[in-house]
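All chains are identified by letter, namely A, B, C, D and E, in their written order; residue positions are counted from 1 within each chain.
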Amino acid sequence: MTLVFGVFLLTLLVIVAVAIVRSTNLFAAVMLSGIFSLLMAVNFFLLDAADVALTEAAVGAGVATVLFLSALALTAEHEQVRPGGAALQWLPLVVAFATGGLLIYATFQNPVIGDPNAPVHQHVAPWYLENTPELIDIPNVVTAVLGSFRGFDTLGEVFVVFTAGIGVLSILGLRHTLVEMTSAEIDARQRSLRHHLIPRVVGRGMVPFILLFALYVQFHGEYSPGGGFQAGAIAAAAIILYSLLEGDDRGRALVPEWLLQIMVASGALLFGGVGVVCMLLGGSFLDYSVLAEVPSEGQHLGLLLIELGVGITVSGVLLTVFHAFARRASR
Amino acid sequence: MGVVELISFVLMTAGGFCVFVGGVGVLRMPDLYTRMHAASVTDTAGLFLVATGLMLHAGWSLPLFKLVAILVFLLVTSPTAAYALANAAMLSGHPPAGVRDETVPSAGRDGETP
Amino acid sequence: MEFLALYNYWVFAVLLLIGLYAVVAKVNLVKRLIGLSIFQGAVFLLYISMDKVEGGTAPIFQTADGAGVFSNPLPQVLILTAIVVGIATTALGLAVVVRIREEYGTVEEDVIEDMDADS
Amino acid sequence: MNLDAHLPILQIIVPLMTAPVVSLLRVPSLPWAAATVTSGLAFAVAVTLTGQVLAGGPMSYALGGWVPPYGIELYVDHFSALLLLIITGASTVALAFGKASLDQEVGHERAPMFYAAWLLVVAGLCGIVATGDAFNLFVFLEISSLATYVLIASAPDRRALMATFRYLILGTVGATFYLIGVGLIYMMTGTLNLADMTDRIAEVGELRPVLVAAGFITVGLALKAAMFPLHAWMPNAYTFAPHAATAFLAACSTKAAIYVLIRFDLTVFLPHLSDHAEQVSGFFIPLAVLAFLIGSAVAVFERNLKRMLGYSSVAQIGYILLGLALLSPLALTGAIVHLFNHALMKSALFMAVACLAFRAGSVQLPDLAGCGRAMPLTMGAFVLAGLSMIGVPLTAGFVSKWYLILACLEYGPLGYVLAGGILVSSLLAVAYVWKVVEAAYFQPRPEGARELREAPPAMLAVLWLVALGNVWFGIDTDLTLGLAEQAAATLLGDGS
Amino acid sequence: MIFYPVVFALLVTMALAIVRAVKGPSLYDRVLAVNMFGTKTVLFLAVASYLMGRPDFLDLALAYALINSIGVMAVLQFFQSREFRRRYEHRHEAE
């Protein structure tokens, strides 16, 4: 029966995607992207990917919408409509259809969805499922593969995030175009949503709970869906909520920029540092087993530390990016 | 099916009905404020019923607390969001249907830019 | 049910098609980035669709010995990474777009091309 | 701990882990110094690693102590060792060369981010080359791409932003295509490890998802490699990037994508997919010929010196692809040596351009008229590297072209046409190099133009080092040819 | 199965919300639709985690319940800053 639900939701997904591309209002497109992301997450959940659904929740519903809206506030809200511009363009259409057609052509020899005999479920994956209890000894196999078996990918992922952070800072953070505003206007912008009393009170009440939940996701990630990335995104979302309600200046007072920069760098360094320590103790890079007497305890310690590193860098980068956009708006 | 299960079923189905009515309201009501009304009133009721039904189903366990948390958070945030949205719409000069207000520039009434 | 067994892959292909069209055909830079995120979302769906095992559940053990049927954890791990890469790319792209708007006063690619051709 | 065994991972983590530290340095010039030292260290690692590979054969490194295919594996053989030398070498010389030029363009405020991004490009490219895992490769592809966008966007010209955006869109599409291909292969084989994939793909080599996957991977990487006709992003990206960064990126960023393309096509697909050999030849030969003819022809008419060299890179990538498409050991050797030699000549050429831009403040040919007399050493190095690009005997460019032409003649009747094409393209190269020489030496300095002086000695020293390298590797070909021949043999399956 | 009626109701309502989000007509309608879609998602995830026999995944529903409000606040802020920008541009045109 979940299959039928899945089909229904996937169909909605296609409808929303078409609506996004057709809409000339960018704000509407961003709102629809929010729905797209939620639908995507529900589909992931129905396909047994709880961790991925949680990530999509934190990223799609929380961070991506905020980023797109900040960018829209700084650019333009409408696509410029040209005479005849609304019509479909042929060359891109042909390219897109060729690509899509090729893939559909390929799918007819794909293994059926859910087929336990598909090659995907035969070779490497069962090994992870069989050996995780013994080698890593944690219930969440996704975390085990993410942090240990394929820990190097995750290291790379952290550095991708780090690159994006310093990139946005380098592109947006330093050179400024000054816009003259009256002091009343600057003041009004700084105040942000402070005069909306009800959202402010409710929102401020939410912030500690979101942070608490982020901590839970961070440290409970070995037993339930979650981990450093999701926790980092959720924690960043909490601070972003605070900044939205109280004004960007107070948000930055709460987590100052120098601290953010240190967070961005130190999380990545912590992850890499754990790997180097493993090397110094005689293992290979990221071989956490050497960190303690009992290999599985070493794995636990290693996972804890690297997830912490991931969480620190991710929340630092997301906040840096948010502030970089927000500061542009308040100039 | 035990009595608790039955009650749970009834509550959740009633919740589903409320949610559905809200959906129809959002689609069929004539203007923004009535739609918002339809959405938030039925949402709250539906949410309450569905969550209570699930709680009965869950029994005395850890998920029960998570359900309570979900319920409390949604009960607090959902009306807040509705209030904030209505407030923003009203302040920016988006008139309710049937209200003639000459101070609102007519260009702002139609289309995407209220 | 035979018809539905490959439905996910078709949706993947269609989403990819839609996203690619938006990326290639649109001239508004923000819209192209939105198209790019649909395009990447399609790939997430491809990977996650292949992880499902009939009758299985998410690969988080409920008992200590890990008994039971579980879906494949590996595509999930890969997509976790890919989602992060996607949001990083989007953030960087948006930053560039904001700077373009400041320098050129527009985010429509054809207008920008005209301005560059003049200078 | 035994450092030698850890060399493959050190190659990646030395630049990778220094990047966060560099991003925090706030003292002027310190980020540059740290990046240069780190890059030099990475080059030292690459040299040692190459020595080990030459002595003891390919090296494998299991990350986290998990045996492949369950864990991620690093795999360094002759081919990857050569690429590692190119990447770290180009980065080190460009950094040592570019301090003054980069200070002028990037400024001190952004310097920590800029140099951190530079190190991330180095680490990303090294990761692409060293990893033996298809998905890990994607992660490093993205690190290097994102960092490259940052480098290009750091230039002062506003057109750099548009160039960055186009590169970002096309680069992401390319990387995503690659990811789709890997996903489809993973779906059919259940593994991500390249060596394991090669073994297991044999059973399913006839099936459509694998064939489509081969197509997606090829197109995605071709986009990343700026292969004709997917090169649209490249000339502008090179033109508007900071000059010293161009010298680095032009030398190695597309090379890594070509490396992956060669590796996938020859080791994973070629032995097991039906008709793959015909497809490769039939698809790549015409594109390669078009690339070097059209690329060179456009370069002749280009007045912006950097864009001219960008189109010349399109042509040079055409040569490399031709070497791949002919599928013979000789041709492949030529292609691999050309990877190295092209890096050598392009980094010298772009460094010379950076010197000119540093003094003249422009890279438009009319603005550079008469610069030959004012900056004799710079222009001398430019001419030397230009000769190497044309393929004059006793320069590095000659060696690789010679191999390619020999391979063409070996190929049969069509080969004569191909060899002719190479000669025509070389003549076009003479034309555009001559255009620069003519402007520099035979045209008077225009009225009211900026007074020119010779570039600073620090820049000139590095520039001449690389320019003379073009001669050195044109005469002493033991290292490059030795590695390339081994690599070609392994790739085509004769060596093992 | 005791969950099917509510699941069907939720799915249909999600579709209705999408119709409203696509139709608009005003921006506020779209925001309303997104917000409503968000609460439906929370409920759907909560019910689905029981439907699939993994009540420990209520974490996901909880995460959405917490994060959903941020989107609305971002939208509000967006409207407000747009208002300022409009006034600012208006003042410039007047000069």
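Brief remarks follow.
Quick note on the criterion: a residue touches a chain if its C-beta (ideal position, glycine included) is under 8 Å from a C-beta of that chain, and two chains touch if they have at least 3 such contacts.
These figures come from a predicted structure and were not determined experimentally.
Which two chains touch most often is answered by the contact tally, and the pair is A-C. Averaging Cα atoms per chain gives one point for each, and the point farthest from that of subunit A is the centre of D. Averaged C-alpha coordinates put the centre of subunit B at 30 Å from the centre of subunit C.
Inter-chain centre distance (subunit A to subunit B, centres taken as mean C-alpha positions): 28 Å.
Between subunit D and subunit E the centroid-to-centroid distance comes to 46 Å (mean Cα coordinates, whole Å). Centre-to-centre, using mean CA coordinates, subunit C is 20 Å away from subunit E. In subunit A, the residues that touch at least two other chains are 25, 27-28, 50, 70, 72, 77, 103, 107-108, 110-111, 118, 120-121, 124-125, 128, 150, 153, 156-157, 160, 163-164, 167, 171, 196, 199, 202-203, 206, 209, 224-225. Residue positions 135, 139, 142, 146, 149-150, 153, 180, 184, 186-187, 192 of subunit D each touch two or more of the other chains.
Each of residues 7, 14, 17, 24, 27, 31, 33, 52, 54, 56-57, 59, 62, 66, 68-69, 73, 75-76, 80 in subunit E touches at least two other chains. Per the contact rule defined earlier, chains pair up in contact as A-B, A-C, A-D, A-E, B-E, C-D, C-E. Residues 2-3, 5-10, 12-14, 16-17, 19-20, 24-29, 31-33, 35-36, 39-40, 42-43, 46-47, 50, 55-56, 58-59, 61-62, 65-66, 68-69, 72-73, 75-76, 79-80, 83 of subunit E are the ones that touch subunit B when the two sit in their complex. Residues 1-2, 5, 8-9, 12, 15-16, 19, 23, 25, 27-28, 31-32, 34-35, 38-39, 41-42, 45-46, 50, 53-54, 57-58, 61-62, 65-66, 69-70, 72-73, 77, 179, 181, 185, 188-189, 192-193, 196, 199, 202-203, 206, 209-210, 213, 217, 224-226, 230, 234, 237, 240-241, 244-245, 329 of subunit A touch subunit E in their complex. Across the complex, subunit E meets subunit A through its residues 1, 4, 7, 11, 14-15, 17-18, 21-22, 24, 27, 30-31, 33-34, 37-38, 41, 44-45, 48-49, 51-52, 54, 56-57, 59-60, 62-64, 66-71, 73-78, 80-82, 84-85, 87-88. Within the complex, the subunit D residues that touch subunit C are 135, 138-139, 142, 146, 149-150, 153, 158-159, 161-162, 164-165, 168-169, 172-173, 176, 179-180, 183-184, 186-187, 192.
Across the complex, subunit E is touched by residues 57-58, 60, 62 of subunit C.
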